[in-house]
Structures are given as C-alpha cells and as structure tokens.
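Letters A, B and C name the chains as they come in the text, with residue numbers starting at 1 for each one.
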Amino acid sequence: MSSSTVLSVKNLAIAYKVRGGEIEAVQNVSFELKEGESFGLVGESGCGKSTVAWSLVNFLGRNGYVKRGSIMFQGEELTGRSPEELRQMRGNRITMVFQDPMQALNPSMRLGDQLTEVLTVHQSMSEEAARKRTLEMLERVHMPDPASVMRRYPHQISGGQQQRVVIAMALLNNPALLIMDEPTTALDVTVEAAVLDLIAELRETFNTAILFISHNLGVVARVCNHVGVMYAGEMVEQATVREIFKNPRHPYTQGLIRCVPRLGADKASSMLYPIRGRVPPPNQRSSGCVFGPRCDYAQDRCVAERPALHTLSADYSSSSAPHSVACHFAEDIVFADWQPPADMELPVQKNGAFTSGQEPIILDVDALKKYYDVQGNSFLDLFGLGEKRQVKAVDGISFSVPRGMTLGIVGESGCGKSTLVKTIIGLESATAGQADFMGFDITKDLNDRDAELMEELQMVFQNPDSTMNPSYTVGQQIGRPLLRFGKIPKEQVRAEVVKLLHSVRLGENYYDRLPRQLSGGEKQRVGIARALATRPDLVLCDEPVSALDVSVQAAVLNLLLEVQQEYNSTLLFIAHDLSVVRFFSDYIAVMYLGEIVEIGPAAAIYAPPYHPYTEALLSAVPIPDPDAEQKHIRLSGSVPSAINPPSGCHFHTRCPRRHLLPDGGKICAEQEPPWQQVTEGHRIYCHIPVEQLAEFEPVITTAVATIHSLGG
Amino acid sequence: MAVAEQTTSVAAVGSTSAWRRYGQNALIILDSRVGTIGLAIVLFWFFLALLSMVWTPYPPNASQFEQNLWPNATNWLGTDHLGRDLLSRLMTGAQVILIKTRLPGGIAIPGGVAIWGVFGSLVLGVAMGLTAGYYGGWTDQIIMQILDALIAFPRIILYLVVIAALGQGDWVVIIAITVTGAPGVARLARSLALDIKNRDYVLAAQTRGESAFYIMFREILPNARGPLLVDAMLRIGYAIFAIATLGFLGIGLPPPDPDWGNMVNEARSYIFNNPYAVLWPSLAIATLVIGLNLFADGLNEETSRYQR
Amino acid sequence: MLLVSLLLFFMVEYGRGDVTIKILGIESTQAQRDSYRNQLGLNQSPLVRYFTWLAGNDWWLKDRVGRPLVTVYNPQTKEPEWWVRGNAGELLRWQMDGGDLFELVRQEDGSSIQRPAPDDIWTTDANGIPEFWGLNNNNSAVRWIRGEGATIQVRTKAGFREEGDSPVEFIPLSKGLIRGDPGESLRTGRPVSASLPGRIQKTGVLAMLAFIVVMPLALLFGVIAGINEGRWTDRIISITGLALTATPEFVTGVVLILVFGIWLKWLPAVSVFFSDQSILELLSSWDSAKILVLPVITLTAVELGYVARMTRTSMVEVMNSSYVRTAIIKGMPYSRVVLRHAVRNALIAPITVIMLHVNWLVGGIVIVEVVFGYPGLGTYIYDSAIFGDFNAIEAAAMVTVAIAVITRIIGDVAYVLLNPRIRYA
C-alpha cells in the first residue's frame, strides 16, 4: 500500500459567529490520512465531528470559519483559498456522502442527470461519455438494473439504493478523499451491513482515502483502520482501530466502550456503565480538560490545565503505529482495572432471572391482526374509485408474557413492531384476533376501554423531544395521570411526584422545570416516571433509548431495569438494536413483515438453531470489536411492501437458506411455514427442519469479551 | 448551524409563575430587529389612538379652518375638503380600528374593530380547525368542505354580502372580518393539530384516557399558540386593510368617527388641490399594516428559534 | 360548488332584508312594496326559489300552463324572451284589456298581433273561480282570473303607476343558473346573462394582463431575494414587497392617477369605454388600450409583493436543503446550483398558493375597477351589492367562485406536474 499523505489537519479550530460573540465549536484537532486508508471519527452528537468534515469542503455556513490551524490536502494548503478554487476541488478531488440519502438527492431531478453532471461539470466530459461512465459506476456499487435507475427519481428507489447512488456519485471522479458523514445511520441494519461491505470493497479497489464519521463504534470497527475519538470539539484519542478497542487510554474512550452492550451480553451476566453527566454545549466547556467534569479519574490538574494530545511511548501502546491521547494521566489509567465508582447508578441484579414458567401469564395475544386501508396514488383513487388496498401491518401474531418479565421485539423498520404496540395500548383497534391482558379484552381501542385498564397499561415513547408537552412543567406532567385516575388525594400529588422523580434519579428541583430545560436523557426519565405514576402492570417501551447518545442510553437502560424490579412491572421492549434487546430482555420475538418468525428465551434466539432471518440480522449487526469474526450473510433486495406481502413464507423472496429445501424451496413460496417447537417456549416459523437449522454455524465465533463480566 | 441554536435557550430559569414565563416569552421579540421595528410602529399608532381619546389638536369633525390647506404651522398635516384638521382626524381614525368598538346604543367597549374581528375568527377558526384536525375522518371532511366553500368566495364578496345583509355598524364589520378570517385560521389550526396530534405527549394523554376536549385545548392548543399568534398579527393587518377598503367603498365603519379609507375616498376628488389629504391616511394604513407584518415576521423568527 | 351556491343563495336571501325597500326607496308605501314583491315572485318559499334560481322552473311551469314554453331571441331588444308554443305552432303570450283576455301572437320581426283569447282556456279552481295560467309580457308565468283584472303597482322610471287588468300571481320564468340563465337584474331590468359575459371578458383581459406582468417579475424577484438571504438585495426586495403588499389598491391607484394621469398626463386617469366597445376593439390600438395601463400597474403592485415574498420564503428553504448542499459539495457552479437544482423545487410551493390567491386578486379587481371606473365584473359586483340586486350579485359571485375553483384545480395540476414525487400513475 502506498503511503502518500492525502490529508493532514493540524491544530484545527473552527468558530461560529453568533449573536454576542463567537463559539469555538472545534479546537485542537489534528490528524493525518494516507492514501487507501480509512480514518474513523467517532464521538457522541455535538462533539464537532461533522463540523470538521464541513471545514474540509469549506461549507461552514455563513457564520462559520476556520479560526486557526491548517488543512493540507495533497500537499496544498486549503485554508485561505478562493471559493472558486475550492469549488473545483469539491466534488472532484474531495467528495462527500451524507447521512440521509433521501434528503441528499434532489427530489425533482432524474438520478441519471444528478449523477452525470458531476462528470460534465468537472471533467468537461460529453453527455454520452458521462452516461456510460455513470452506468459503469452504478454497476460497481452493485446497483440492480442501473439503466432504469438512471431514469428514475429518488423517491422511486429504496433507501439502501439511494445511498448507493450517493456513493456512486461521490466516486465518479475518482476522488483522492471521500468523506462519509454517518452514511449508514438512517438505514436498517441489514441494509447498513450491505452498504458497509460496499464501502470496504471500494476502499480496496479505489485506493481512496476515506474519512468516516460515525457515532457507532461497531460501524467504525468494521470499516476503519484508524480511529480518532472526538469529545466536545476536541480530539481526545487517536490510534489504530485494534489499539483503540484493545487498549483505550482516554477515560472517555473507555467509557464509550463500557456503555454499549456487546452482542450476546445479557443483563444477568454483564452490566452497562454509563458516563455521568452529558456533553456540554460549546459555550459551557470547562477551561481545563473538556472531559474533566465527567471523568472518574479527574484530579486538580485536570481542572487547571487542558491536556494536549501526546503520543504514548511504546511501553504503553500495544501497536507499532502511534497512539496519542489527550489526557494528563493516560499512562496511568488501565482499562481493565477500572472499578465502577460508588455513586454510579447501577441496577441491583435480581437472582434467578430465568425462573420462568412459575410466573402467571399477564399478556396473552393470539392471532392478532391489524390492517390499515391505504389510499392509492392513481387518478381513480383521487375520486375514491380505486381498488381498496390494505397494509397488513400486523398479520396474525401470537405470544404471551409472564408477569415481571421483559419481552423484547426486534425487527427492521416496517416490520410492524410499532403497530403491534399501538394496538396493545389501544391507540389502534385490532382488525382480528384475540388479546387478553389480566382478564381484560384489549382488542378494542381506547374509546372502549375502562379507566381501570388504562391505569395498568402505560407506555414509554421513543422521541425525547416529543415525549413531553413543551407547555407544561415536569411536575404537572407527572402529576397529571395521578390526578386523572384519582389515585391519591390532590394535596399529596406533589409528594408522590417527587417520589417518582427520585425513583428516576431526578431531584425535586426538576419539579418546576420546563421540557426545554432538560436534556434528552432527562426527558426520557421524566417520560418513564410519567408512565410509572399509576404503577401499571405492563409498560410498553417503544425504542426508548434509540434516540439517545450511547453514554446516556446506558443510564436509561439501567434505570429501566431498576424500576422494573422496584415496581415489579412487566415490559414489552421494542428496539431495532439487537445488542440492546439481547441485553435487556428475557424473551425475544423477531418480526418480519407483520409476522413473528421466531420467539423464545433471549439466549436461545442468539444461538443456533435460529430462523434464517434471525441469522441474517445477527450477522449484520456491527460489533464494536475489530477481532470479532462474524459470518457473512447478506440479504438481497429490500423489504417487500406490506400491502402485498409475498405468498407462503413472507421471507422467502430474500431467504438465503431457502436453497436447503428441495426444489430450491418451492414450498416456501406456496405454503405458510409450520411453527416448529425447539425447546419449551422457543418456536421457529420455518419450513427448514429444526435439526437442519441447528447445524448452522454460530454467527459470531469470537467469545463475548470478558471485560464486562459481573464484578469485572 | 447546530451550534448557533443552543445559545439562547439555556439561560431561562425555571419559575413557578406561568405569567412570568409568558412575560419572558413576550420579551424575546426584542431579540429580533425586524420585530422590534414592527412593534415600535404598532405601539406608535396605539399611542396616538389612546392619546386621541383624551386630546387631539382640534375637534376631528369641526369644519373650522379653510378648506384643503397644505401642511402648515396651525394644521400640521393640513385640512380636508371641509376644512377639518387632518392630524386630528387621523388620530381619531386609529381609535376605532385599534382601541374601541362602538356598539348599538352608544356603548363603546375597549378593543378595536380589527382586534375583535381577528379575535372572533381566532375563536371560531381554532374551534373548527382543532376539531377537524383532531378527529379526522368524516368530521374533518364535513368541516373542511364548509370551509372550502367559504374560502372559495372572494373575500370582498363576503364582505359585501355581510354588509348588504346587516347594514353598517362596527359590529357588522367585526362579523365580516370574523367570517372571512375564520376559514384561514381553521386551516392553520387544523394543520397544526394534524402535526401535533401524533406527538408522543398526545399519545400519552390518550393512553391515560383524557377526553378529546382536554387533548384539543390543553395538550394541543398551548403548543400551537406560536404560529397562531403570528398568524393573528398578520390577520390584524389584513383586517385593517379590509376596513380601509370598505371605508373607501363607502360601506365601512359608520360616521361620526373618521375612517382612514373613507378619508382617502373623500379626498380623492380634490387630489389635485390637496394631495396630502390622500397621502396621510394612505400612509397611516400602510405603516400600520407594515408594522404588524414586521412584528409578525419577528415573532415568527423568534418563536421558531425558541421552541427547539 | 353546490354547497357554495346554497350558501351564497341563502346568505343573500336572508341577508338582504326586504329588497323592495332598497329598490323602491323608503318613501314607497307598503302596498306598493307588496305588489312589487308579488310581481318579482318573491312570495314563493325560499327553497322553491333556490331550485328555480339553480335549475330553472320552466320544466314544471309548462305543466301548469299546459303547453310547451320556449325562449326566443328578440331582434329589437336583443334579449331572449319567453313564449308559449300554441297548438298550431304559433308563439303566444297573453294580455288583459278591460277585463277581457287577449292572445298576443308573435311575428317574425319580434312584434305581435293581438287577438281575443278563446273561451276554452279557462279552467275552474277548487273554489270554483275561473282561472288561467299563461305568460305575460314580462316573462313571468302568471295566473289570470276571468273578468277580474287585478290592480298592481308598476315601477317605471318616473315612479309608480297603478295598472289594472293584471294577473293575480306571478312566477318569473327562469332556466336556472346551471342552464346559463341567472335571472333578471333588478337594477337594469335586463337579464343578467346579457350583461355578464361582456363584463367577464373585460375583467378577464385586465386580470390576464396583470397576471402576465406579475408572475415572471415576482418569481424573478423572489428567487433573487431568496438566494441572497440576509443581504441587502434581499432586504430591499423584501421591504419593497412588503410595502407594496401593505398599501391598499385604492391608495396605489389614486397615487398613480395623481402622478401619471394628472401631473404628467401620460395616461388616461379613468378607463372609459365607449358604449358597446368590445374588448377586442379596445386592444386593437395603443390609443384605446392605454386605458388599461394604470389598472394593470395597480393590480401588479399589490400582487407583486405578495408573490415575491412567498417565492423568497420557498427559495430560502430550498437553498438550505440537503440536496442543494449536496449540489454545492459536488462542486457545481453556483449558477447551476440555483438554476438546475433549486429553482424548480422552490417554485412548487408558490405556484399552488398563487392559484389559491386568485380570490385575493378578485378582491383587488373590485377596488381597481371602482377606482378607475373600469366597467368589468368588479364594478358590476360592487354596483349590484350596493343596489341589493340579488340576481346579479348571486350570478357574479358564482362566476368568481367558479373561477376560484377552476384556478385551484389548475394549481393542483401544476403542483403534480412540477413535483415528480406525487405524479399520478
């Protein structure tokens, strides 16, 4: 591999002019990027990762500018160049891929035109030559039927395909530097895996330097060879990817690794350790070490003096490549020796989490269906004459949950998991089937439910920004269900609310705060307190942590575990993140296109025998461990429409194991598969016999890292 | 960009009094230069209107000077075709629009015709819009059909019809403004309700079985008030515009109080002798409408920044 | 539309109060008003009158009259008239003279010959009174009582005149709005359908000219302001636009008249049409067409600001969107970013709103026409409203509503064409 340096950033500082002064969003950032290398920039939101990327393409908005430092690109200084010079460089030698491909493509231009203009403008290529080149490039990003894609508009192709188009666009001019800003964050896990494969493949064939920005350690571990960790606008640690994961030296990096669950880890055998506090806004950063206020090792020096990024000597680094850390005590802090501080909020583990079978069933759902009528897009539909069609969002689902247990539901977007929850809580009425909750029939919607039932069924929502009504104080919002159900006398409401605030680890001083004065994690805590106010028997959690930063996510998950024990609630936990679900749940149901394809105890789901879809999901999860060996199973195509789901087994159009059956799995398209009982409570919905499924290799061969084990 | 947004919001400190919060909210308008200018213009006219309740240079309806005088030391803005002082008439003209409404029977209530008219359309429009947006389905269809029918009428015709129907009077103009304004408010309220009703906090309210009334007016409405307020400011501008137009057509606010639109109409026959008699009321209308527009712009800018 | 017509009819119906007072003046006597109401057929129930207004009444009145009812064009008055087709194919009306009923037989040139009515036309009603349903000279179906001409108050230019030999019941004949006959104007005494088309044409030309001037200018200014968000070009365009929008049409109009019509004398201050001059003749030479200039500028001024501001908002939004960001980062030249990527998307929103805004334009046209004395639809509506001429105002209002509905459909179609995302299959 050639080692010419493509990009060299030194002491970069970026500032934004705002009313009454300016804010330095990014300070002291330095890194180098060589040809064919991919450098991952990780950190939580608000850490300045994207700002760095924008500065490289000189797109900082009207009020942002590079305040100090230098950006050398292929030996040329970029700062202080004229806008026209920079424009010619952009899109030609430096290109960029964004997070949301749907937003990034012009909705009213054909994809072909959007692609070819990159060539016609930068290389004065003829229209025809440009089209030919574009077609080739679309083939190289494995786009099915490139010629027809060229004629389409962005909304006519799927999200994964859109991202392929954006990547193809970025590669057309053979750029020296490709910047990718969270390119897979908006995608589903199986699609993400395929796009990451593509990126890894392109890195090798194009020899392009890639700057890869992500908040997800697992994704970075999969595609990068160098990693820089950013915190609060500063680069705090930099090393090769293996070194970062095996020998993290900065307390922040260590904290990040500790707070995400590994795939396969569960709550009985491991713990999540949140980082206290939250990322400070740029104008409230400490003058000493930016991480100081959240650091377990902080000492006086950390407050007084800001540490500079320094390279560790070979004694402390396990790799030959340089490893630099911005911490005064980097040499003294050993990752493995860390002990949780006494004041950290950690759930107390209950013993015997798997004493299932004795607990009474609290929720029993049988063949539940929820169909929606949809309006078509034809002129006939405009006048209500079109063919009536239905989305089969939930298409015959059966399961039961014992008291005090957690059922996790996983699946990609559009699989119907949210609809299922909405039907159970009563925001939608069921189309068919039975559902029984503690003797109540819950197939009807809220209008037909008793207050008694509503009290016992509450919900924690996904989006922290909309879970609370912006117009009322925390106290009013938690107190409202108490008043509404008349649980306690009016004059005691305040005391009860304070009690609830304490149980979600918030002080009484939060009582009069408005939602806009809270952070995302705090809002989520208030949402949990509100759901718990009536002491419900069943709490439905719809992706309660997916919108939170990882360090906060750990704290909220711990809190949920704890209140579950305190209140002895049963939980239905929805998430798209398999690691989180595995960690959090006792039982897991895997959903695909409105159906459950596999259900059983959490541990059983994550080892063979499993459903081919479960297997594919597991092999797609990005694992924050560069040494983990994961089986490479990718699904072809995208999730079919729920309006007209495939016949037989809904999964047969994409199933990678279908060929195991005679006639190439003809039966899968013709007949609905049988429910196969594996063990008590573990069922698989597949034509392939359990014996054969059991023979599959496990997806992940590397043992779950031991550093998390209890008492660690 | 992302960084700029965080600076203003953190400063606010939790306070127990809702009124103090509203006070703080009201002050944010001063952060916007455009909004401040708009507010200043509007306050200027309010001040003149209030002042004219107790003092005007001369009686507004007394023909005590020479006719069609140009501006001079005695009559700062000149006189009209009947020898009435233009400044006094201009000041008094602001009263009926902004600060008082004359009801039948010689009673006057505070709040101008424009303000009551817009208030009326707000009340009516919000009630219809929230209901349509929150319930959806057939309720929505029916309400929207009626509103669409109303919207299909050109405003001026609605005005003409209402006035032809009820005769002249302050309260007739208020009704005309209410009727013409309500569909627009309802559309806005409906779209806000459609947006807000899918927020998680509304779902949370539903899961604890709150009544539709509670959800519409306690959960949704408070969070829709920003855009509605901005819209109301713009609407007061439209209303003043409409009042002036009706005055010009001779079917607006009844005498004896002077009406800006009517002043323009009367003076236009003498425009060759005294263009100022046309100019001043025209300027008055334009500045007040512009002021309200700027104020609304500023309010919009600041509330949308403040909310997130 | 049906709902609109219902709404309109009953609003006017209950709104207008006693129309006869307005028309006949306050000094008219109760007897005069009652008689006049009777002649206008206002004594029927509102619902019947609504359906008559909407769908006509000849199709059921012909059963009452017993013979087919036809409309014939009168070459002398140039207006359509109602006649009854007799058994021999002749066209008949009736008139009473000294208690005797006569048939009027229509001649080719529009005049008629009087002849005594045959005896066998009389029938006997429930009370045994001999009666006959026929047509009078005022296009009304009327009921005559044999030998007893009623006395009515007839309105003439000079005032009221008592007239004997009259029928006792009147139902004005109408084909109904949906068949192109909105009734007779009380103000002019002519059918509304005779005066309306010319008015619509004239207003149409005015509006079209204004539209042609406004659109390109407003979109251009809006786009320019939008891409320069926050800079001085944007400020100037925005504030000028706001000032123009905030200035009522009558102010702009009066000022323009003052400057161009009176001081500079470049252009005519009022829009005088020679009687019966058609719009095409008007447009045929600059000398006559220049009366349109000031009205068009006045309309333009008001619309320009509004549309430009809206376009600006949309443009600003699009310029801050991710796909424009993508285009910039792709290294596209700025002009290409604006023209190829931004403008088309930015125009989607304004175009629909512009079409909805036609209502506003109609309001503006009323004022502009009144200010300039332009004899279009606007002045027609205004005059009719002031007069309380319900047939005229209802018809004119329905026209404007129809225009509003049609433009809205055009707006929807334009939206679909511009926006590939919702292009229908």
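By definition in this document, a contact is a pair of C-beta atoms (placed from the backbone, for glycine too) under 8 Å apart; a residue touches a chain by one contact, two chains touch by 3 or more.
For clarity, every value in this text was computed on a predicted model and none was experimentally measured.
Chemist: If every step must land on a chain the current one touches, say how few steps get you from chain A to chain C.
Modeler: Minimal hop count between chain A and chain C: 1.
Chemist: Between B-C and A-B, which chain pair is linked by more C-beta pairs in contact?
Modeler: Contact tally favours B-C.
Chemist: With chain centres taken as the means of their Cα atoms, state the distance from chain A to chain C in Å.
Modeler: 61
Chemist: Between chain B and chain C, tell me the centre distance in angstrom, where each centre is the average of that chain's C-alpha atoms.
Modeler: Measuring from centre to centre gives 30 Å for this pair.
Chemist: So what's the Cα centroid distance for chain A and chain B, whole Å?
Modeler: Taking the average C-alpha coordinate of chain A and of chain B, the gap between them is 47 Å.
Chemist: Using the touch rule from the top, collect the residues of chain B that touch chain C in their complex.
Modeler: By the definition above, chain B touches chain C via 145-146, 149-157, 160-166, 237, 241, 244-245, 248-249, 251, 261, 264-265, 268, 271-272, 275, 278, 282, 285-286, 289-290, 293-294.
Chemist: Write out the stretch or stretches of chain A touching chain C in their complex.
Modeler: Those residues of chain A that touch chain C are 57, 59, 62, 87-92, 95-96, 98, 100, 103-109, 117-118, 121-122, 153, 155, 166, 169, 377-379, 382.
Chemist: Quick check: in the complex, which residue numbers of chain A touch chain B?
Modeler: Touch list, chain A to chain B: 16, 18-20, 23, 25, 46, 51, 60-61, 63-64, 281-284, 425-427, 446, 449, 451, 454-455, 457-459, 461-463, 465-473, 477, 480-481, 484-485, 509, 512-514, 516-517, 527, 530-531, 534.
Chemist: In the complex of these two chains, what residues of chain C are touching chain B?
Modeler: Residues of chain C touching chain B: 3-4, 7-8, 11-12, 14-17, 242-243, 245-251, 254-255, 257-258, 262, 359-360, 362-363, 366-367, 370, 381-382, 385-386, 388, 393, 397, 400-401, 404-405, 408.
Chemist: In their complex, what parts of chain C are in touch with chain A?
Modeler: Per the stated touch rule, the residues are 230, 321-334, 336, 340-341, 344-345, 348, 418-422, 424-425.
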